[in-house]
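After this come two complexes, each holding chain A, first together with chain B and then together with chain C.
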Partner chain A sequence: MIISIARKEFAEIVRDGRFKWTATIMVLLLLTAMMAGYQKYTTAVRIQHAAQTGTNQQWLDQGDKNPHSAAHYGNYAFKPAGPLSYFDNGISNYTGTAVFMEAHKQNFAIGRPASDQSAIARFGDLSGANILQLLLPLLIIFLGFTSFSGERESGTLRQVLSMGVTNRQLLWGKALGVGSAVLIVVLPCILVGALALSMAQSVDHAEGMATRLATLSIAYLMYAGIFLFLTLAVSALTRHARTTLMVLVGFWAFTGFLMPKAASEISKFTEPTPAFGKWMADMRAHQLRGFDGVPPFAKFARYTKELFKEYGVTSVGELPMYFVAVRLQKLEEYDYPVFDQHYGMIREAYTSQRKVQDQLGILAPTLPLRSISMAISGTDLIQHVKFMTDAETYRRNMVVKMNDYLSKASVHLNTTYSSSNYMRADEEVFAIVPPFEFEPPNLNTMLAEHRSNFILLFLWLAAAIGLAIFAANRISLERN
Partner chain B sequence: MLEAINLKKTFGDYDALKGLDLKVNPGDIYCLLGANGAGKTTTINLFLNFIHPTAGKAEVCGIDVTEQPLETKKLLAYIPEQVMLYGNLTALENLRYFAQLGGHDYTETEYKSFLDRCGLQSGAYIQRVHQFSKGMRQKVGVAIALAKQAKALLLDEPTSGLDPKASNEFSALLIQLKGDDASILMATHDLFRAKETGTRIGIMREGRMMQELGTDDVSHADIERIYLEHMHGDSSKYAA
Partner chain C sequence: MLKLIISHETRQIMRTGALWSILILLIGAIIFASWSGGRSIERQVEGAEAAVTFENGLRDHMRKDTEKYAAQVEAEGGEYKFATVRHAPGSGPPQGTNAGAVGAETSKYVTLPPTGLAALSVGQSDIQLNYLPISLATTLDVTKNLELENPVNLATGSFDIAFVVIFLLPIFILAMSYDLLSSEKERGTLAMILAHPISVRELMASKIISRAAVMLAVVLGFGLIALITVGTGLGTADTWMRFALWILATLLYLAFWFALAVLVNVYGKNSASNGTVLAGIWLILVVITPQLVSMLATTIYPTPSRMELTIAAREAQTEAEKNFMSKLDEYYYDHLEFVPEGDEKAMDFLTLAQANNNSIEKAVRPLYDNFQNQLNKQEALVQRFQYLSPAIMMQLALNEVSGTSADRYEYFLSQVYVFHEEWKEYFSTKFLQRYPLKPADYGSFPEFHYQEQPFGLVIARLVPSLLGMLILFLGVMLVPFLALRNYQVASR
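For the complex of A and B:
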């Protein structure tokens, strides 16, 4: 029975002129987005690879110099684009793609594609994710809004209900029929996208690609299911197809346009980030007065005494390491907790904003889906924070290696230093710093971080199904 | 068999049906006559369980429609004033769909034979029904009833708006169905058709059954006269 209803529903939809038009537009948009995204992704991979290789070589070819000067010369870390970024570029346009790593300073990421875009780009990118998040619900609404109210108006509902069909059979049959019609539009585009992905280079970059794709598909199917059952529910609850359409399009605009903007503004209001100038000045002042209130030079004087005591010496010249290098490294390390606190504060503010936005997903299913989609595609805040953390770890390691080398290789300079005989290191020394490699967050970590979003999406789906069953059970011709 | 036992239906303050007693035996075509608002369609809707009775009960083959609505619907076929079909489906597809909803499935040949029996031209079987005239739709409606193998038929002004030829063809179809021992209850305004097609006539007014007649016992002129007298309020002579 359910199959018969689904088959009829499907046949009716695909023969409808509206379906042909909307499906064609949807397919064209999706394919264009996939192709544009794929082209953007392959370009980004090529550029990132060339830039990272180039900068690594530059590091080695920087010319003979003092190792600490080499640490000042620095290096760049370029954030690799994950393979699924072609589908959902998330916040990557706004977070920066490279970070300069140098001695004494922790830097913000630079190279934000958004800053190179025209004002029109603020209306959103044409990405596969954007289309599925915004236009897929609209497609479902257009295909399904007449399911019950349209049949009620045309009189076929009386005919159908007189045949001895239960309301639930009708609901499941229609859900299957409309769902199948939606799938035949979306599925080929997804397959084309997956095929392009499998042909792309560096697809092994993100581990568990199959799991990522499967999880992403499940999330989008749940999202489509939410709109499918909401459409059927509203269609069953309203008496006229026109009313059904108005209610559903209103909800679509609310969840797809209003709530993402509102959530962003609300999160900024409840979890504000400090003003950049003040934040920078505070950090600089904190560096100068010392993390724990003891200024760095005073702290280092204390350390010097401990060092002399440890080695049983009374002068710098007796130390078994180059004192200047020790001082440079110590001053570097005194800044670590200051950087961790102040950069951490900004990171915490952004993380809290993300959590507020996720919590608002209880009002709009687009919000949890958007978070999940960005996370699995590797274009969300967590991924960016991991990149910045890895870059900072690399920077500290780079400086440690250079200072350590200087400290061991220049002991003699403790007594013989002059401006002409300072230590000069070459490519062989610089090579002790390995090239920067970014390890994206583990998929399980990402999924665990977004457990609440999956729960929200599931609750939305359960609520939509529940509402649809309730509405179907209430179908009555009493006032028809 | 269709039976209404002291059937009442109230919509708010309005009594649409005030204790209707009615029995339609197998092989009967029972024509319900009455002005708009007499309660004819309400009676049919109650048999279909589209609406629930305020009191009394409606039975199909001895089964209470309120208690077992799905069971009774399986025994019923319903042909409204305008048979509503799916415009984007062909006549055959509509027939197959509704037959399957009714729990039946047939071969392509059998489906065609139902349509053939209803007088639909073979060229129309695979035409989408949005091009169909009302008469053609009514024929598909009867084919659906045939395919459903219903024990009872509920017809709500099925010939309204049909031209005389189509009306005649429809009446002939009903007489065929009567021959299959179906119980047929037809609400109509068409006194002539009621006399020609029906075996019994019930005249309703303001939710009450005013009088029941056997069509063999009265002439066309009698029916018209009795009907008009009931409609004009002079019903004391005929009160049931």
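For the complex of A and C:
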């Protein structure tokens, strides 16, 4: 029985002109988005590789100079594109792409692509993810909203019920029918996606591509399921097809457009991001007065005394290491906790904001799905935070290596130093700093981070199915 | 007769529960949007103030040192001298007497003030930094900082009044007018109404006018309230002229969507199918077309990669440095505090820093000009393609009206560059002359005053968008207007 209901539903939908239109548009858009995304992705990968190799070479070729000056010259960390960024570009347009790593200063990532784009880039990317998150639900609504209320209006619902079909059979049959109609639109796209994926694998060997694809598919299928059952539920609950449509389109606009922005504003209110000027002023003031209230130069004076005592010397000239380099490194280290606190504050703010937004997913299923999709595509906040942390770790290590080298190699200059008497190092010395390499966060860690989002999606699906069953059970011959 | 129908319709829709829920949602959204838009602008202003205060504080500290030093010179006699080395410890002339040190170690923040309407359309103001540090450093350093914001929030975009108007209002309009004729037909009342001496055109007009009136009353009323609560500069003519343009743009945009509803009603079938068609059109015009145009712009005129630019700029920098550094040594250039006391080269390092910055700037300039050139082409393409979607036109118009557009920022930047030159000129000249800065000089440092875009320019930039929306509205309106002349109830 279920099968024949499904077959009828499917045939009815597929023969409808609207289906052909919407399906064609959707497939075309998906293909365009994937193709454009893939083209951008390969370009991005190529440029990033070239840039990182180039800057690593520049570090070596910077010319003979004092090791500490080399640390000032520094190096750049360039952010690689996420492994599935051609499907979901996530926040990549809004994060900086290059971090300048230099002595004395921790820097933000610069070069935010969105700053170099026209204002209409703010309407969002036409990406596969965006289409599946926004268009797919609308497609499901369009295909399914008349399934009960339409039949009720045309009077066929009474006939069907009088034939002894149970409400459950009716519901599952219709779910199957609408679901398969949706699938024949989405399936080709998934195949294209998988094809692109196998091509991408030759470009970038990201870990766990199969896991990524599987988890993504599950998440999007759950999302589609939520809309499928909500559509059936609302259709069964409402008297007129037009009411069904209005309620569902209203919900779609709410979850897809209104809630993400509202959630973002709410999270900015509960966990405010400091303004750049305020943050910068606070940090610099903190640097000047010292992390613990002792200004760096006073702290170093104290340290000098300890150092002299430790080596039992009375003048700089007798120290077994180059005093200037020690001082450079110490002053560097005094800033670590200040940087950690202030940059950490921003990181925390972003993370708490993300959590608030994820929690609001209880009101809108698009929110948890969006988070999951970005995470698996490697274009989310966790990825970016990891990149920034890696860059800072690299920076500190680079400076330490250069200062240490200077400290050991210039001991003889302690007594006789003038502006024309200092050491020069060459490429061989610079090579003790290994090239920068970004280690993307582990996929399993990412998935664990998003466990609550998976749970939310599951709850939404369960609730939608529950509502659909409840609504289907309410249908009775008497009331129609 | 028209009047009678309008008043009947108005009374009827005012008694519909659905309409009230739509209006309440709309009002709620407007209030939320003004609140969040207001907060966003407030945050920018606070950030600017904190930055200005901090840097002024640093300079003030230096000024006080010079005052002390001047008093000391006065008391003990002798010459008011120039501090030779940065970070000079202990006695002697303080750093504040050295124009090179003051200019290099403190920044002057220049600010782009928000217009009175900025909170109504946050536009690009959340990614542009509206206060920039000016020092002896290169132009590139002026623009390298970004406003801090969670990239997730930036990607999502602001929930401001512009969002409510562009995205939500059309949905509400379509929800209240997708079934203007179809519902009457479905209930069988249309034939009855038309039996009275009234044309379909009049009936349609009255239905639309009554709905539009309610909608407009809400939008304009709450728009005004929003302006009064979160707008600034309410005493200035500029704010009110901008608000007038805001109203004009909103009217045109709303008119288009009402016209579209009429069009679909005339040619549509039943209410449900009207609803599907309208929702589909909304999605295509408001979401897909802008994204497609954006994709087109970045594909036809791809912005050169910032990564490649960074590498190239660095190459130029290395080259420039190598040329200069061959004579003088870069090590002390980074750390003047280590130049041994009495070393004669000390002053040369500061001079070197100046020369070095100049040559980097010269080398990198062409790269950045190329960058900007490509961006301008992209922008021009978007300007041409904006007519494909009223949402694009409206977004560009609202950003323009609210002063949160890219072109106003460019206008600001061009003034910033001029001021940067002025600031460098002032300090480097004094430094090269070894002129000791006196406490009184601190009052005569160059000041930045942003010159607002002439209002004519704002209007000139608005005309294409407004005209485009007007033509679109008239075009969409004309079809049903003509078609309704021969509308047959029975045949449909």
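Of note:
The working rule: the second predicted complex is superposed on the first by the 473 of 480 C-alpha atoms of A that agree within 3 Å, B and C clash if a C-alpha of one lies under 4 Å from a C-alpha of the other, contacts with A are read in each partner's own complex, and residues count from 1 in each chain.
Throughout what follows, contacts are C-beta pairs under 8 Å (C-beta built on N, C-alpha and C of every residue); 3 or more make two chains touch, one makes a residue touch a chain.
Owing to the predicted nature of the structure, the values given are computational and were not obtained by experimental measurement.
By the touch criterion stated above, A:Asp16 is placed in contact with chain B alone, chain C being left untouched.
Annotation for chain A, partner touching more residues between chain B and chain C: C.
In the superposition on chain A, A:Phe458 makes contact with neither chain B nor chain C. In the superposed model, A:Thr156 lies in contact with chain B only, and not with chain C. In the superposed pair of complexes, A:Met1 makes contact with chain B only, with no contact to chain C.
Legend: residue contacts after superposition of the two complexes on their common chain; A:Ala51 is shown touching chain C, with no touch to chain B. Once chain A of one complex is fitted onto chain A of the other, the partner contacts of A:Val165 are limited to chain B, with no touch recorded for chain C. Touching chain A in their complex are the following residues of chain C: 18, 29, 32, 36, 39, 43-44, 46-54, 109, 123-124, 127-129, 131, 144-159, 163, 167-168, 171, 175, 178-179, 183, 270-273, 275-276, 279-280, 283, 287-288, 290-295, 297-299, 302-303, 305-311, 314-315, 318, 321-322, 325, 329-332, 334-335, 338-340, 343, 345-346, 371, 375, 378-379, 382, 386, 391-392, 395-396, 399, 405-406.
If you check the complex, the residues on chain A that touch chain C are 18, 22, 29, 32, 36, 39, 43, 47-48, 50-51, 54-55, 58, 61-63, 65-66, 68-69, 72-73, 76, 78, 90-91, 93-98, 103, 108, 110-126, 130, 134-135, 138, 142, 145-146, 150, 240-242, 244-246, 249-250, 253, 257-258, 260-265, 267-269, 272-282, 284-285, 324, 328, 346, 349-350, 353-354, 357, 380-381, 384, 417-420, 422.
Within the complex, the chain B residues that touch chain A are 45, 48, 50-52, 70-71, 73-74, 76-78, 80, 82-86, 88-89, 93, 97-98, 100-103, 128, 148, 154. In the complex of the two chains, the chain A residues touching chain B come out as 1, 4-5, 8, 11-12, 15-16, 154-156, 158-166, 476-478, 480.
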